[in-house]
Amino acid sequence: MSNKIKWGVLGGGGDSLIGILHRIAASMFDAYQLTGGVFNPDVTISLDFAKEIGIPTDRIHANLDEIIAAELALPEKERIQVFSVLTPNFLHFPMAKQLLEAGFHVICEKPMTMTYDEALELQSIQQKNKNIFALTHTYTGYPMVRQMKEMIANGEIGAIQKVDVQYYQGWINPIIHDKDQRSSTWRLNPKKSGISCCMGDIGVHAYQMLEFVTGKKIKSILADLNHLYEDNQMDIDGTILLRLDEYVKGVLRASQIATGEENNFTVAVYGKKASLKWEQENPNYLYLLEEEKPLQVLKPGHSYNSALSLDGTKLPPGHPEGIFDAMGNIYKGVAKAIRGEQFNEGEFPGMQDGVRGMNFIEKAIQSHHDGNAWVTL
Amino acid sequence: MSNKIKWGVLGGGGDSLIGILHRIAASMFDAYQLTGGVFNPDVTISLDFAKEIGIPTDRIHANLDEIIAAELALPEKERIQVFSVLTPNFLHFPMAKQLLEAGFHVICEKPMTMTYDEALELQSIQQKNKNIFALTHTYTGYPMVRQMKEMIANGEIGAIQKVDVQYYQGWINPIIHDKDQRSSTWRLNPKKSGISCCMGDIGVHAYQMLEFVTGKKIKSILADLNHLYEDNQMDIDGTILLRLDEYVKGVLRASQIATGEENNFTVAVYGKKASLKWEQENPNYLYLLEEEKPLQVLKPGHSYNSALSLDGTKLPPGHPEGIFDAMGNIYKGVAKAIRGEQFNEGEFPGMQDGVRGMNFIEKAIQSHHDGNAWVTL
Amino acid sequence: MSNKIKWGVLGGGGDSLIGILHRIAASMFDAYQLTGGVFNPDVTISLDFAKEIGIPTDRIHANLDEIIAAELALPEKERIQVFSVLTPNFLHFPMAKQLLEAGFHVICEKPMTMTYDEALELQSIQQKNKNIFALTHTYTGYPMVRQMKEMIANGEIGAIQKVDVQYYQGWINPIIHDKDQRSSTWRLNPKKSGISCCMGDIGVHAYQMLEFVTGKKIKSILADLNHLYEDNQMDIDGTILLRLDEYVKGVLRASQIATGEENNFTVAVYGKKASLKWEQENPNYLYLLEEEKPLQVLKPGHSYNSALSLDGTKLPPGHPEGIFDAMGNIYKGVAKAIRGEQFNEGEFPGMQDGVRGMNFIEKAIQSHHDGNAWVTL
Amino acid sequence: MSNKIKWGVLGGGGDSLIGILHRIAASMFDAYQLTGGVFNPDVTISLDFAKEIGIPTDRIHANLDEIIAAELALPEKERIQVFSVLTPNFLHFPMAKQLLEAGFHVICEKPMTMTYDEALELQSIQQKNKNIFALTHTYTGYPMVRQMKEMIANGEIGAIQKVDVQYYQGWINPIIHDKDQRSSTWRLNPKKSGISCCMGDIGVHAYQMLEFVTGKKIKSILADLNHLYEDNQMDIDGTILLRLDEYVKGVLRASQIATGEENNFTVAVYGKKASLKWEQENPNYLYLLEEEKPLQVLKPGHSYNSALSLDGTKLPPGHPEGIFDAMGNIYKGVAKAIRGEQFNEGEFPGMQDGVRGMNFIEKAIQSHHDGNAWVTL
């Protein structure tokens, strides 16, 4: 019998991109066996999908209650060990909560919850139950992001003195300029999407990335957001001033109206000795800048990279890996944690990232509404 | 019961990179079920590996004869449909031959055979038996390579007037300069590797790519190869002049001593109206050059791409995909062929690529040994 | 007799980089004849320098008073027509003032003055006397910056909805971290450098560039600057939130502690229809981003560029021009103005840029000191 | 009186791009005084042009004989010291010959002569008369080309084992495809342009660059050229196999039908220890590739560069210089030579480059016509 981790999936059926992404990622290191799930609120669709992707249908259920009950009824060794929560955003929190309480490990899509209070509640459950909880800030799985984190931690750029992170997209442009579309899309409806659009969706990635690579906490923020139209309630663009310390400042920029930008997520950390820069759209390059030295471009798979970085590269240098590989690396890390193997804290983002992220989103909105005031995180 | 394609694998066990690559690729579109195989000449290792990757062990066998016999003994509907041949190079031909003769479809790693004669023999078997045969020239699976092929086919650059393809690596450098290493590595031993090292390994990729994207046949070549040391019998570098037609010329450059190059495979096709250029290390960009117009950079996933290109992109623009995704696209195409679905001839390279490639390799060596003579392909 | 413009230079002698830059720029279109000047406060040095660079010494003088008197004593047709002011920053204002009052045209290095009040005073003199006044914001002379300005003016990107400008350098890093150096350099001494270091030196370039390419005025700003050390009085880094209109926002980022950055000045303008991006370190590329269209890269010298852009390119495409050429283009524009020829307002920055720039600098410092308050420009 | 070098110019009047390029280059380091010349065969036009560019007309003459006679009639200290020959190609040789024989130094545009025999004749005159002779292979004046040359000379990449040089343009494309145009342009008329178009115009730049940066001589070549149309006598594209030594090979590629390419001139030299790559269109970057080390990108003006490289950079890092600056550096080197100052042999190409270049062109054509035979240079 297979010693793969028994894996359940909630949501992600049909042509769901997120479903494809997670299934491929889970397959990458032969660590997971897709064992059951609720792919769709309609169980017939769920069952058909199971057949389509070639997995047994006996552990496909109609809803979360049923699958939890059914799994708990099995001997512990046979039970699904971890669930991935890929459902619409507003279901992340209740589902993750129920799963953690029932003793399952959870891999949760972003956003973790709709509010900071929910995030705190989830954290307290997890801390009590000691389950593994991963939040799929996928970009942290790239080998060169991991390398950046390790180099900063090892002091290779010296004390950090400035940070700059950008996440620019242009996708909302065709929607926002059409009055009908902007009033009807769920993305701009606070009831369905939470209090923020741009910061909640991508700004929080930028925020998490900054704390991930620097290993530092952002202490306070001042946000200036843009709604573009008076009749639009949600931020679709914004700049946030950052303080990591009295004399360590920076800026976070995010936009969904940066026309023509695809997924232009970049992070730069300037240290006293050197600097590091990375760009998501060309993820296999890490730029090291030092005074009066040639610019250095680090690439994955080379022996000069850290163990954490090398753990996330499957092929020799020059064979480009992409975002599926980044997600695969996160799943690999979670597998180690579930199996009780040793792992590096950089291998997957978790509960703390989710809690801090929700706090960031709420404080960003608060800062903006308070007239661009400084708010402590 | 799953309607996935029942898939067998020969070789590729343990930490084999090629094994990982093929398994991930096969999983990408939920089309294949790894059903059995011979992962290692030692059946104990094979069985352990099956357990490790979590598949049933009942269809793991000691050798090719046994697995063929066992599968043929099963009802046709339960049988493995396609085998991937990932064994050492010299086994590709005999294994593919035996599989085709027994009626299985084959996905074969490169090189297809050790000689052109073997290639012709394999081709005649396949033509008789009508099996599906795919040769994993992985790079043709990239969306922007497919886009390049389609644009050229559609006449977007006009009549081709010049081609230039490069495949530069530096990996053999540390080996070639050490007398002991260069005399002992299997790569430089013609008995183990065939008559060519550089052209056989990477030059043939460049050759195949050129014919793939242009849809044209190279008619004759003149090769100048380099062995670097008198005691080395194998080419590790070379330049090959190309003729596609009397007034359509080009050049193919390949090297394993281009110190510091990783996998620098590029292709440029210059047409009467415009030109297209692509680079493997940054595979998500396709450059369109036109006189007195801005340079255009095409990227995957956009509606301006062809159906063939879009079929190979899983996520929205700005989410980089890599070489695993390219291989996944080839597996996707093979799956369509096996299932009898409609597919585009650009979806996977096959027997003809293998036959032409082996001819190219032998003719390149011949041209070089004949004093850089023109040889017809 | 030459019909070149008779040109005088104040400062810029010896190995002065700024002197070299202006002399080469002035020579580029054969429009100026270096006729006289005060290259150094020590007239002996001035005379030696005149000999060294091969110009007659009879119109070299000991100071500004003398050269003005001497030139005014000449018949008007023989007089120096325009002076370039290349002296230390604190001398720009008094010299420019004296020259304008005496009826000369002026090309002035940046910063125009030490204070906004001085800038207003200078403006009022110039408006009265109607002299030509150019301020050498050199970067606006690049052909692709001019092209960007024209495309925006022509509505090619639609209504502007977001701007982002960056000017990152790392040069002050070795100084700022050494207590002795940071307390002694004139750059960090407000008495010698004015009230701002980073914003006064480079932030103002970014500000001017934004207004130059957009043709819009920035209405209000909120600045957060960084001094890095408590004992340092001057900003060496900062981020400034921008408002062009109620729903048109942006950000300006400038730093002298971005370790390893050389002169990383970039500008991005996002419009409703498309976007444009430009980078000073690779000045011959202009990026046009449109939804669902390939990225377009415009380059100098092509017929698709505007007349203003083409006027600033001397050689066919593919022959890189640089910053000397950008300054040369500004001198070319000034020459047209002096000669009474028709010229485009984009050909050289002038008094208004200087006045607005000084206002920007003072308001940025004020905003920071008022606790990051919004300040109207 | 000025101690600038007295400089004469033949050709280059009016809007001539080459005239502008040389005048700006000569002005860059204040070393030359344009003193006289024959700008145009029509002396009236010459005189008008002198006025237009603001130089005295008394040393403008009707033809070369007259200006030589007039200058020789002056006291030696007052005479023009060096002439730049910017006339149509077929005049380079007779003019340079006459100037050298009359004792003048010469800066000559490329091609130096129309034939190899003429080149040898010119060389023998110069060797006898010991004049300074510079041939303006402009690209060698770029700081990063100089740096490349020095690093190779210093052994930083170890023994050279492979070279690859490319010079791709597309400009002849609109001409070559039009029967009338291709039969009428002087470029494709051997009587006016010499025996080669592509190799004579740009291939020879590539050849010279390779010998310049490597410090090695190419021993033999095998050329395959393309005329594209049967009725076209001249090469407009071609690939040339190179031998520097028995086991040191390479390739030179040049084209004027590489549609959409502007001036894509690149050179790569692969050594036993490391490699260096440079691209003319982005001339301020030099790429150093080493095994298992990050890619290094060297840029001008940094202290890690050689004295030769630094001598050719006028401004701090991050201020892009271009092709005018490259030509300026060559003029600077020639000035040192004329003044008897110490200079590095890399500061300007000279007679030997011209002689070898003409030999290369003739041998390339010969190789092609002999059926792609190896020809010793």
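Letters A, B, C and D name the chains as they come in the text, with residue numbers starting at 1 for each one.
The rule is short, and it goes like this: contacts are C-beta pairs under 8 Å (C-beta built on N, C-alpha and C of every residue); 3 or more make two chains touch, one makes a residue touch a chain.
Values in this document were obtained by computation on a predicted structure and should not be read as measured data.
Engineer: I need the pair from B-D, B-C or C-D whose contacts repeat those of A-C. Over half of the residue-number contact pairs should coincide.
Structural biologist: B-D
Engineer: Would you identify the chain whose Cα-based centre sits farthest away from the centre of subunit B?
Structural biologist: C
Engineer: Roughly how many whole angstrom separate the Cα centroids of subunit A and subunit B?
Structural biologist: So the centroids are 35 Å from each other.
Engineer: Return the distance between the CA-based centres of subunit A and subunit D, expressed in whole Å.
Structural biologist: 55
Engineer: How many angstrom between the C-alpha centroids of subunit D and subunit B?
Structural biologist: Distance between chain centres, rounded to whole Å: 43 Å.
Engineer: Of all the residues in subunit A, which ones touch at least 2 other chains?
Structural biologist: 261, 288, 293, 295, 299
Engineer: If each protein chain is taken as a node and each touching pair as an edge, is the resulting graph a line, ring, star, complete or other?
Structural biologist: Shape = complete; every chain linked to every other.
Engineer: Sort out for me which residues of subunit B touch subunit A in the complex.
Structural biologist: My answer: residues 2-4, 17, 20-21, 23-24, 27-28, 30, 33, 51-56, 169, 171, 261-264, 280-283, 299, 314-325, 328.
Engineer: Considering the complex alone, what residue numbers of subunit D touch subunit B?
Structural biologist: Those residues of subunit D that touch subunit B are 157, 161-162, 164, 170, 173-174, 177, 222, 224, 226-230, 237, 239, 241, 247, 249-251, 253, 255, 257-261, 268, 270-275, 288-291, 293, 295, 372, 374.
Engineer: Could you pull out which subunit B residues touch subunit C in their complex?
Structural biologist: It is residues 288, 292-299, 302-304 of subunit B that touch subunit C.
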